[in-house]
């Protein structure tokens, strides 16, 4: 299996209003350094799983609606707790839509798996990975 | 598959008394930066695979008996060669006990896979990963 | 010059309500991975510039009032724009108080310089460094 | 599954002469920081998946023919576009030959899977992973 | 002293045609991950040493003429050996021109020192730092 | 000021037998990832502060007597507490001898400052920096 993984980041505010989260029930925030990995079983005629430039652009576009936002106020996450896992899954689904729309280039149809990793600090990260 | 991965470290002495290890047959030591990844197929009602705070606490507790020790003198490793792989497997089993005991919170039963990664330098690491 | 540098992190919400900040005028947030460096000209009788364990504890204590907070609501920053630089300076002053109080151990009087570095993403960081 | 992963790097020139690559059609270059991961299901009597020293040596030998070269002029890649993915696959095959030749030590026969990861910058990487 | 440091990268080909460079006399290449640090003695009314967004943009513009190029063919480096040190100095001078032109914003006049660091691998880097 | 910084590592055992060190009074160990920075005011005719290959070789040679050793048993450190700071200073002096002996190449005489940084984990490091 081939993979290409590109990195970007977002800076968001949110609260996690459930007792299990202790002090993180407060309105606070995070920088999420986001890695998006695209998996393919073979390469196209240009030797590509996915073009790194295009993958970087699409990741940036998928992140834009969250960047510099307070997630507590977004319709997108109404009724949800915006844990690292939930955001990872949201980004997975948003990228999957772009893959299915062919926005990752001629090789889009070849992409069979995605993994989104959110680094929330130097000591913790969450991920969601699944087949398309 | 979701995953949460948390980081801590230990500083230990040991020797690797077999010819294959060359100079590492000497009593020497290592900092192991340890990543523990917990995998789940779905999230609980709080949007969690595993609570990062609790995962960090349990990892720290599992590491404590090894930290600042000479592994050559621990009953735990009697008759074993304490390679990076062997320590990774030991930590996997110790964490698995904690998962089965429910110490990772209400979501413990949901954890279906663990991965322990030990970074022994900027240029080498070992891991053990398996289903629970 | 000797130095000891230890790392911790905080997760905060804030807004930067000035036109120059563009989208960062919104309420958003950040993980700041914080490095605190303590400089000394010589070592004490135990071979220490500063004890790493104690430095880690004091850094954690200095960060605690900011962690999981919305900086826009803290008296501490009333009337200030909480840029990375301003937070770095605040943490410098808070650490300096602890150094002067002797909380860094018998070597506290020996500490002649501090540097606080805040990593706000994988691609940007700010710092404040000065003599005590 | 156990794994041992070791790191080295190469510095190469190449061009990617297809329209999809935009400015990378020019002759340019890259540092590839290369991670090679060796997977085994169990450990040998010395507690090893693979000896880290030996893995490091063999990785270095496999990289040597590419290091400080212009890939456009190597017979090895004649008629190929030397994308990150193509180089990862090349290195995978070259390492697989060494594994099959027993060059990874007495445990060579135990190695059941390899992964080659090429970091081309702080923000992008490619990989090839497969069973042997 | 305050500082803001931002990161970007370039991918270039070059040769180092002097005997001291051994195999690097060949045409080869490098990814340089570039950190640019801007130092100021105080902050402006917005709490800024330099705006991170603007610093990132200007760094990108200064890197653009080198990115995806064969440095051996650029007039810019005619008669020079394009070592890491020489490129760092070139980027320092190019950034200094932008600082003096006021392109770093209202705080440009406040910038009193620059440091350019080029990471050429996970194990080596070069820098040039000086007062303006 | 120019600088070149290269990285290597050592794996050692030691104990810190003074009350201030708490559990680190035990025989334990560390991986020290070591960065050595060489500073010069100008470049030689080859565009070099110091040749990276040569700097890497000399750093490796200076580290060799410590690597895979129990520092408690080395004459070198008799009567000393082998803190991170003490080891950093030792390596500084050992490198300084090599610089003065001309072992860093024709540019050795130009080297005016050294910095040795020892990373003992992902969260702590010590350094010694001084003019030659």
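Letters A, B, C, D, E and F mark the chains in the order given here, with residues in each chain numbered from 1 onward.
The criterion applied here is as follows: a residue touches a chain if its C-beta (ideal position, glycine included) is under 8 Å from a C-beta of that chain, and two chains touch if they have at least 3 such contacts.
Just so we're clear, the structure is a prediction, and the values are computed from it rather than from any experiment.
Visitor: Farthest from chain A in C-alpha centre terms, which chain would that be?
Guide: F
Visitor: Looking at A-C and A-B, which one has the bigger number of contacting C-beta pairs?
Guide: Taking the two pairs in turn, the one with more contacts turns out to be A-C.
Visitor: How big is the rotation, 0 to 180°, that puts the C-alpha atoms of chain E on those of chain F, in steps of 5?
Guide: About 120 degrees, rounded to the nearest 5.
Visitor: Could you work out which chain's C-alpha centre is the most distant one from the centre of chain C?
Guide: D
Visitor: How far is the middle of chain A from the middle of chain D, if each middle is the mean of its Cα atoms, in Å?
Guide: The answer is 27 Å.
Visitor: Cα centroid separation between chain D and chain F, in whole Å?
Guide: Here the centre of chain F sits 30 Å away from the centre of chain D.
Visitor: Find the geometric centre of each of chain A and chain F from their Cα atoms only, then give the gap between the two centres in Å, rounded to an integer.
Guide: Here the centre of chain F sits 40 Å away from the centre of chain A.
Visitor: Considering chain F alone, which of its residues make contact with at least two other chains?
Guide: Residue numbers touching two or more other chains: 7, 120, 122-123.
Visitor: Which of the residues in chain C come into contact with chain A in the complex?
Guide: Residues 7, 9, 11-14, 23-24, 26-33, 67-70, 119-123 of chain C touch chain A in their complex.
Visitor: With touch defined as at the start, can you tell me which chain E residues reach chain C in the complex?
Guide: Against chain C, chain E makes touches at 1-8, 43, 46-49, 51-53, 56, 105-106.
Visitor: For the complex, give me every residue of chain E touching chain F.
Guide: By the definition above, chain E touches chain F via 18, 20-22, 80-86, 88-89, 120, 122-130.
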